[in-house]
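We just call them A, B, C and D in the order they show up, numbering each chain from 1.
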Amino acid sequence: MSKQVTLQEAVSVISDGALLAFGGNALHRSPIAFVKELIRQGRKNLSVIKTAGALDVDLLAAAKSLESVYGGYIGFEMLGLAQNYRKGVQNQEIIAHEHACASVIAGLRASIYGVSFQPINGFQGSELPELTGQVKYVDCPFTGKKTAVIPAIRPDYTVIHVHIADEQGNAYIDGAVFEDLIMVRAAEKVIVTAEKIISSDSWAVRPQVPGFLVESVVLAEHGAAPGSCEPFYSVDKEAVVNYLKDPESYVAEVKEDEAYV
Amino acid sequence: MSKQVTLQEAVSVISDGALLAFGGNALHRSPIAFVKELIRQGRKNLSVIKTAGALDVDLLAAAKSLESVYGGYIGFEMLGLAQNYRKGVQNQEIIAHEHACASVIAGLRASIYGVSFQPINGFQGSELPELTGQVKYVDCPFTGKKTAVIPAIRPDYTVIHVHIADEQGNAYIDGAVFEDLIMVRAAEKVIVTAEKIISSDSWAVRPQVPGFLVESVVLAEHGAAPGSCEPFYSVDKEAVVNYLKDPESYVAEVKEDEAYV
Amino acid sequence: MSNIQAADYITVAMARLIQDGELVFHGVASPMPAIAIQLAKKLHAKKAVYLNIPGGVDAEPSSFSFYSSADPVLREGGVSDFPLSDIFDLSARGALDVAFLSGAQIDGYGRLNLSAIGSYDKPKVRLPGGAGSAALLPTVKRGILWKTNHDKRSLVEKLDIITAAGNTEYVITPLGIFKRSVKDGRLRLFAVFPYSSVEEIEENTGFKVEKHEEFTEFPPLTEEELQLIQSIDQDGSRYSEFK
Amino acid sequence: MSNIQAADYITVAMARLIQDGELVFHGVASPMPAIAIQLAKKLHAKKAVYLNIPGGVDAEPSSFSFYSSADPVLREGGVSDFPLSDIFDLSARGALDVAFLSGAQIDGYGRLNLSAIGSYDKPKVRLPGGAGSAALLPTVKRGILWKTNHDKRSLVEKLDIITAAGNTEYVITPLGIFKRSVKDGRLRLFAVFPYSSVEEIEENTGFKVEKHEEFTEFPPLTEEELQLIQSIDQDGSRYSEFK
């Protein structure tokens, strides 16, 4: 009855062309071990949902595994642009479905609520609605007010990296939850990678993710590195900078690595 | 800079005709002390928002303070109907805006999200939409699907009763949160009544309600009684049964009580 | 039939209808479903997931209230939380398996009225309201309804108000069980409790009673079921809906 | 002007614009706003509330990252949580006072482009995207924008793409501050940093520079401000946007 599987097994269920939401934000608590295994297994044409993405999205771009991104911000903040993502979009190999971070959340909420669209107060004066097709308008039947609406965004899989999980899928995030709990509820299926896996009867904290929402659990120590999983570890800035300097070598190394079992 | 006030002061800001959301569910963790003080101060024509209400709503009905209710269920579960609410509606003194509990939440969510309506998957085959006017339909601009929508429900005040608060309004609920956190975000203003008030720098737990959302905080020991505030106290079944037997006497006693200061 | 016997039969019938691995919810005023879920989880449905208003996931309460099914005690023993708003969302997106619901009136299509007797605007009796049912019944995979009385005023040909309609699969009463027919969506008699009869049910039902194509003998309560139900609900909360 | 001087001026200018009691948010890649909020809260805006992506409320971080403004360290010292989704909602319902935002290009109406240089579909340079700005800028009460460079490629008459528009109130650059005019919604020169001049700003701005009706001398940084800023940001994270 345990949901625990190896990283390879968890990734093996992801099809080419899948729509994936990744937890975490920017360089923090993203499921990087999972992303690296996607690359090792040669997955293609993936689409990624993320409010603010960084290494997770850019690595998939560098490995030519990425078809499109639904996101508000893809970049390395003060460290610079996401060069592989950027080039992929410029070469028209990757589609940027640019969202406001808030509209990614709105689309995920529509999925959570079992409806096909979600009203949002935003985008006034922005050209993104007409450029992206991700925003349309309806008239509110109560007030008559023209209201922007976002289509439901339903990930095939949401993948989050957490501090502690148990074999039944209960998962605990220590500190900043970012958009993880929204992504978990919005998804068709959920995969959790965790720094630690404990026995289900030994919880000393209250896991925010109930196990019944989770399909599989993977032990992935250092699974967000070189990003952070505070308070366990911080960003390995040197590794990120090395990636930015020479992403090809980094991807080559990823492909040569044995995934942890 | 303290937001702590007396119960009388907190209630004094509520106008006749105000739209109030009450935290808790059924007989559990409702702001009963606050409701009793509303009655003592003779507030009239109040409207109440609640998923499942019991003594809170029925007391206001018994005291002739109630104009309308936006709620999914008003009753005393296995103890029987809410007789004063029931009679008020039957005598057409109280308007029942009957909702599904889920649609109360949908209306509150619209308020949280700053939009005038919220799509919901529900009400298929129900006569409530045409009978209540609380549900209309729009066509989804992405799928063409006819979708039920609920108007935003924005409480003038949300009042919740919690276990622990501090003078800045940070508030902690021990255990079942019910719909409190949704009601808090949806409201124009928020009042917290609390079993205990502690110093802001002595939190040993993480309060779910950030103080900046809260207008005032009231120390109200036993503030949910005769309902429950588990694990501090359970429902005082005898007191509830006595109320149901003779609500007039109960209301008379409420009016004679001194509010705690 | 005594009320005690009826409550035990209804509770066990509910439990037997829960399948292993299902996500199962009950709302307010639902003492029998609360006990039934615990019973099912101890027998054939160990992996069923128990969801309720206070938001505990898979709670194993040490006791059950006589007056409320929203009691925070229903979080006892659960590891994680899933509040009511999340449960409604779960149902809305098609992922809730079972909801236990009830009505003051139930019609031959398994629709229910908990709004009012008489008209909505000028009711003869204002009822408590359908709670979550108008949102849950059309979206949950399997709606299981119950009644604590079986008479022509409760099981009616025409509801005064249709509060909720949708995916009712079974209706359980003190006398037996109706199941909805896939053919025409009508309730048909699925089982009769041993102490009752088809004739008694016909006489006390407001809509036409026909046998379901899967009509079956309802196996008597087993010793194991009776012992377990007693150990789960030592105080007899399951009888609290019967006056 | 050195970058160090510019970063300190921008940071202090940001801090001075925060009013007491305001709810103030910054997003990714925002080292100067993060420091500015701490500074304001130690001076004239002790009751301002600090909100950020990791969701800490009123954090007092012991240090600031050189590469990220979404770092969980930004929850340090906060008592409660208010995650990013809640912050967007707060703005959408008109209750967020200040958002610090930036753009690759900013036009004379205080609109910004963070989407692309060139066309959206066939960009010359794909930019990171506007993050929350398309939702925040039209709904926040006061949008405060900043740029780490002041040149005609950044401050433009016409944006390649309008990512976000709305309630921009101020735009702060290394040379000074623009404020939007209530009359026509145009940015006008509000203040010049002591080491710069109106002429320098005119020469380096892509849209027409006119003085704001409230044009004011920008008071030099005080000893107190400089000491506080140094103690808040001992490692110099506020310089990390300058290469």
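To be clear about the criterion, a residue touches a chain if its C-beta (ideal position, glycine included) is under 8 Å from a C-beta of that chain, and two chains touch if they have at least 3 such contacts.
If you want to know which protein each chain is, UniProt gives these names: A, B = CoA-transferase; C, D = 3-oxoadipate--succinyl-CoA transferase subunit B.
None of the values given here were measured: they were computed from a predicted structure.
Listed by label, the chains touching subunit A and subunit D alike are B. C-beta contact counts were set side by side for B-C and B-D; B-C has more.
Centres computed as Cα averages put subunit A at a distance of 37 Å from subunit B. Between the Cα centres of subunit B and subunit C there is a gap of 27 Å.
Here the CA centre of subunit A is 40 Å from the CA centre of subunit C. Counting partner chains per residue, subunit B has residues 113-115, 120-121 touching two or more of them. Shared interface positions of subunit C, defined as residues touching 2 or more other chains, are 81, 92-93, 139.
All chain pairs in contact, by the document's touch criterion: A-B, A-C, A-D, B-C, B-D.
The residues of subunit A lying in touch with subunit D in their complex are 25-29, 51-52, 71-79, 81-82, 85-87, 89-90, 92, 96, 98-103, 105, 120-128, 131-132, 175-179, 182, 228, 230-231, 235, 237, 240.
Considering their complex, residues 23, 47, 49, 57, 79-82, 86, 89, 91-94, 139 of subunit C touch subunit A. Taken together, the subunit B residues at the contact with subunit D in this complex read 1, 111-115, 166, 170, 185, 200, 203, 206-212. Contact residues of subunit A toward subunit B in the complex are 106, 110, 113-121, 136-143, 145, 147, 149, 151-152.
Note for the complex: subunit C touches subunit B at residues 27-29, 31, 53-56, 65-73, 75, 81, 83-85, 88, 92-93, 111, 114-115, 120-139, 161-166, 240-241.
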